[in-house]
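Following: one structure in structure tokens, then a few remarks.
As written, the chains take the letters A, B, C and D, and residue 1 is the first residue of each chain.
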Amino acid sequence: MKYSFENDYSEGACKEILEALIRHNFEQNTGYGLDEHSLNAEKLIRKACEHEDIDVHFITGGTPCNVLAMNLLKPYEAVICADTGHINVHETGAVEHVGKKILSIPNKEGKITPEQIEETVKKHTDEHMVLPRLVFIAQASELGTTYTIDELLKIREVCDRYNLYLYIDGARLGSALVAENMSLKTIADIADLFYIGGTKNGAFIGEAMCIKNPSLKENFRYIIKQNCSMLAKGFVCGIEFEKFFESDLYFRLAQNANAGANELRQILFDHNIPEYVHSKTNQIFAIIEDSLIEEIQKEFKIQIWNKFDENHSIVRFVTSWNISEQNLVDFRNYLDSIIAK
Amino acid sequence: MKYSFENDYSEGACKEILEALIRHNFEQNTGYGLDEHSLNAEKLIRKACEHEDIDVHFITGGTPCNVLAMNLLKPYEAVICADTGHINVHETGAVEHVGKKILSIPNKEGKITPEQIEETVKKHTDEHMVLPRLVFIAQASELGTTYTIDELLKIREVCDRYNLYLYIDGARLGSALVAENMSLKTIADIADLFYIGGTKNGAFIGEAMCIKNPSLKENFRYIIKQNCSMLAKGFVCGIEFEKFFESDLYFRLAQNANAGANELRQILFDHNIPEYVHSKTNQIFAIIEDSLIEEIQKEFKIQIWNKFDENHSIVRFVTSWNISEQNLVDFRNYLDSIIAK
Amino acid sequence: MKYSFENDYSEGACKEILEALIRHNFEQNTGYGLDEHSLNAEKLIRKACEHEDIDVHFITGGTPCNVLAMNLLKPYEAVICADTGHINVHETGAVEHVGKKILSIPNKEGKITPEQIEETVKKHTDEHMVLPRLVFIAQASELGTTYTIDELLKIREVCDRYNLYLYIDGARLGSALVAENMSLKTIADIADLFYIGGTKNGAFIGEAMCIKNPSLKENFRYIIKQNCSMLAKGFVCGIEFEKFFESDLYFRLAQNANAGANELRQILFDHNIPEYVHSKTNQIFAIIEDSLIEEIQKEFKIQIWNKFDENHSIVRFVTSWNISEQNLVDFRNYLDSIIAK
Amino acid sequence: MKYSFENDYSEGACKEILEALIRHNFEQNTGYGLDEHSLNAEKLIRKACEHEDIDVHFITGGTPCNVLAMNLLKPYEAVICADTGHINVHETGAVEHVGKKILSIPNKEGKITPEQIEETVKKHTDEHMVLPRLVFIAQASELGTTYTIDELLKIREVCDRYNLYLYIDGARLGSALVAENMSLKTIADIADLFYIGGTKNGAFIGEAMCIKNPSLKENFRYIIKQNCSMLAKGFVCGIEFEKFFESDLYFRLAQNANAGANELRQILFDHNIPEYVHSKTNQIFAIIEDSLIEEIQKEFKIQIWNKFDENHSIVRFVTSWNISEQNLVDFRNYLDSIIAK
């Protein structure tokens, strides 16, 4: 196999993080995320968000972050999200496992609109139905698309109008921010809580859960522990996020993934392979003939997302924070060779 | 601070694991624990257990392992454990969070007896009560004590008699096995499911959940994912456990922790500090005057477990897989100096 | 107010049940449904189903029955139902509250098809998604429509093919059976479990949960008790269902409701008021001008279901087991009078 | 069988309630407890409590009431109760089923003390443990004993000091109030929420859940519906509680049960049968020789609670709201006859 476009968590950690972990390896640190590295990383993230009052907790993964957020709701409160939402499709019912109903609405290229949110709220009129209370969106979305600032502001507005929390899943937040030229501050301004994804952007493990809404902060560490999401060696995440945010490392890694995706888009375009939805981030969904897919899979790992029509499927390509120009040259050359046949 | 006896998860990873992670860092591995390292580590663990048919899953931590096991029960089935059991005291109600009642019984130096288990089962007579179905024990126990082979066999016997699963929490299994000169095979022979603790024995993260009872194996990966316990970069655990079990590394690290504990026991004895319960593993619970505790804490980190009487407290010392002779010499000298005063 | 078409649970109990409750009122009966009346009612229901091996439990209501059924599933197993399904819309997330995900599919006049079920199963391919395991249908459906025998057999067939349980919500089973000229035996032949609704067919309280699939029977009383659904005075339900099934009372009451509905359909037709979906049972959904609705509501209670278009709404009429010819004459005359205006 | 002392829910309803149900049987009432009878019953209960601002909801049973209360807690909040508490022993883990941990403390004749509550709170120090948040007591207790006003006030005081809700399970509240000459107002003054038991005091079904603490009132009907505890024909309970509280009926029925118990205590005393704990309510726990128990059981139904010693068992006698003097004369005569032998 020449290269895997399967996902952006196939490799270990970026070299800056690896070096930091080696450097601090034999220190004795306090457990459970109460160490100096974690505290310092929290400070750095607050600074990057330009919100001094955000609470930051380092969590083992994205599904855990989403589940923790759901634990903030009352038993009869519900979550609004796109039918393509990760929590709705790819988390084995983890949200329902902690007792919360998901009200899914038809996605528009992976996203949802304020109008859809409003309509959902209005349909829930009495105690025989759940009470919509939290809006879940992903930036970037599960289809690689992104919300613009304007779109986010309008969702915030409808949330304010109907007393809804806005939660942003940031599994690929770096890629989205770089693509949209959006700042972390914008996310922190708009969301009640969100997470900054580490796993898919060059960390071994861990995401930074950021809570801005003061009413959601109390006793959050109880929720983390109760939901299997508190790392004994929390300082590992602390060290990782220190590196991410003591320089612009977090964004540089996302930039590399996006640059790779842009080149990949060009390669697909050059070979007349259309995108299924247009994205600007490091996930590309393309429509490819099944016979061509088979050829590609001989040397490159890709993920078949769905059937498109009888002879075509939708294929997901993900470019990693670690992708190199050579990887892309290899792919271009390989496409040239098999399509020429 | 000279040294922390607070726990055995203060440091990063042992150097063999660190080196392996560096070596494989830029490989592209399949996600979610389906990579070659994890598959190989499973094989090595099966061999170490001398049970070719055990299913092995690498999980993010000990609380997750315990919670996953509880998800195997029906809603009305309950868990029997010591009142000092980790699930009963120190997991923020995670077992109840997934709906299961714990039937706690008074510990005998951290352990429970077959007679207590039987008595608990017999008290549960009809559908107005929960149905006891799983026995939870920890080897080593939360007080550092260990079950002998004979004790384990008798618990197995009562489990068989009353149709109970036997689950062994192995957060400090290495230390217990070395202390009791017990083999992994013995554990695998006796338990329905158990986990081999990595985090407290020199790994960055992760435990190896081992399922022997065939009726508990089906769809376990669904349970892992649904309970926030599936790592995207599962290969990190795979690489760690490959190192643990391709040589005797796992046991050597435990041996170092135990040797440190033995020396520490001698130091306490030499200073007339009694143990609260006698253990052979890397946890020591000692009864110390409160004024002396204060002096110790100026240079050494220790954990106050409980009040013992008006002037004394029970203090927990834990020796790490990474403890050195010098650390212990430092402690002996310091005790000499403050007690001499 | 002349009459309420709001629902079929506005009145107390039918006179035969009332008399039986009075007759047995001062007997001392065993609690929790283990009394002679309940045991006898179970026998009578088995006979009516022509299945001697069905387990029957009397439960406090329809939502409880549905929730109990969900407790039979493993944590990661999911339920397939129509988007209009009662469990999906009108039970305040009770199914999710016990941890189960609902996979809702677009209804066809309140019903679902084998093809839709199959498609849903096929989309769930791995452990990152829930595992579809139970199909929920209501006979009659929430829109008053009914499944024919042929439709039920085809759903059974797809359930067998994909290892799915078939659960039939029988809140209005009497009305559906009478309308379709279907026997209880047919339901019992086809379903794994189902309930025979009492509350909406002339009982004070209670439904008869019937479990045919032997693998679902074990310890069901534990589930009832744990889910708040075991009545201390279970003999009340026992006495009710004895009356229902020691004669053809259950079906006579349903027949009265259906006859009322048929006359009501004629009245609407005679006034050019169209049905929203065509049903044969005691629920009628009609499309009525908003101004006319207001007029009707001055004397008759009806439920506005949904907006239909700018000037029309969908209105639900329910005819009760206790409806009289005079009630319908009153409605016809009233409609005549207000439409004439 | 001459008489059953097994429990106080063996018979139907008291004649006043039965007559009212007959009288209102063919009225059309609004469903789900929003009918005129329920609203009126709420008013009457507010008046009886001398608290105009209490919210009253009619619930299907005692276990449901307890479970609803638990749903008011956050996921990591826990309940303190006696080890003999109904929720701890006899509700099949229903509290844990909705995710809450019970912290049980050793009962003192069925009751708990402020000191025990304080000690339990103080042991829970950080986020690795649950957070105690609600104290559960039963008046009368599960052993028939009662809290005095002074004891209740002291428990209230400790609840205030540690930010705990006080919940009073009133399954047999009538019997306790009559026995202690305590008013409903006292209960309402002291508790945050409590329920007034109907099932064990002459109703067919239903308890009146009373919420005084304003912070617990919001959206309670959502919780009722979600937890299988909302009756379609809620007006049945409304009619029952109207009768209970439009006169002193509720207390008269309790008074009859207590008078029967007092006579029964005298009968036992006259035959040298000791009480296991002394109670003043309608539950009596007596220590009886096993051979005598067998004799008694030939004509009277009683419940064996527990073994006392090799030859004796603890037996529970319950006297009903409907017990007659003749029932007690029969029992006295029978005891005379079998003991004379």
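Quick notes on this one:
Following the convention adopted for this analysis, a contact is a pair of C-beta atoms (placed from the backbone, for glycine too) under 8 Å apart; a residue touches a chain by one contact, two chains touch by 3 or more.
Keep in mind it's a predicted model, so treat the numbers as computed, not measured.
Looking at A-B and A-C, the interface holding more C-beta pairs in contact is that of A-B. Among the other chains, C has the CA centre that is most remote from the centre of chain B.
Work out the mean CA point of chain A and of chain C, and you get 43 Å between them. Centre-to-centre, using mean CA coordinates, chain A is 51 Å away from chain D. Taking the mean of the C-alpha atoms as each chain's centre, chain A and chain B sit 33 Å apart. Counting partner chains per residue, chain D shows two or more touched chains at residues 75-76, 91-93, 97-99, 127-128, 130, 222, 225-226. Considering their complex, residues 75-76, 78, 89-93, 96-102, 127-130 of chain D touch chain B. Against chain A, in their complex, chain D makes its touches with residues 32, 71, 74-76, 98-99, 127-128, 130-131, 219, 221-226. Chain D contributes residues 3-4, 6-7, 9-13, 18, 21-22, 24-31, 60-64, 67, 91-94, 97-98, 199-200, 204-205, 222, 225-233, 236, 301, 322 to its touches with chain C in the complex.
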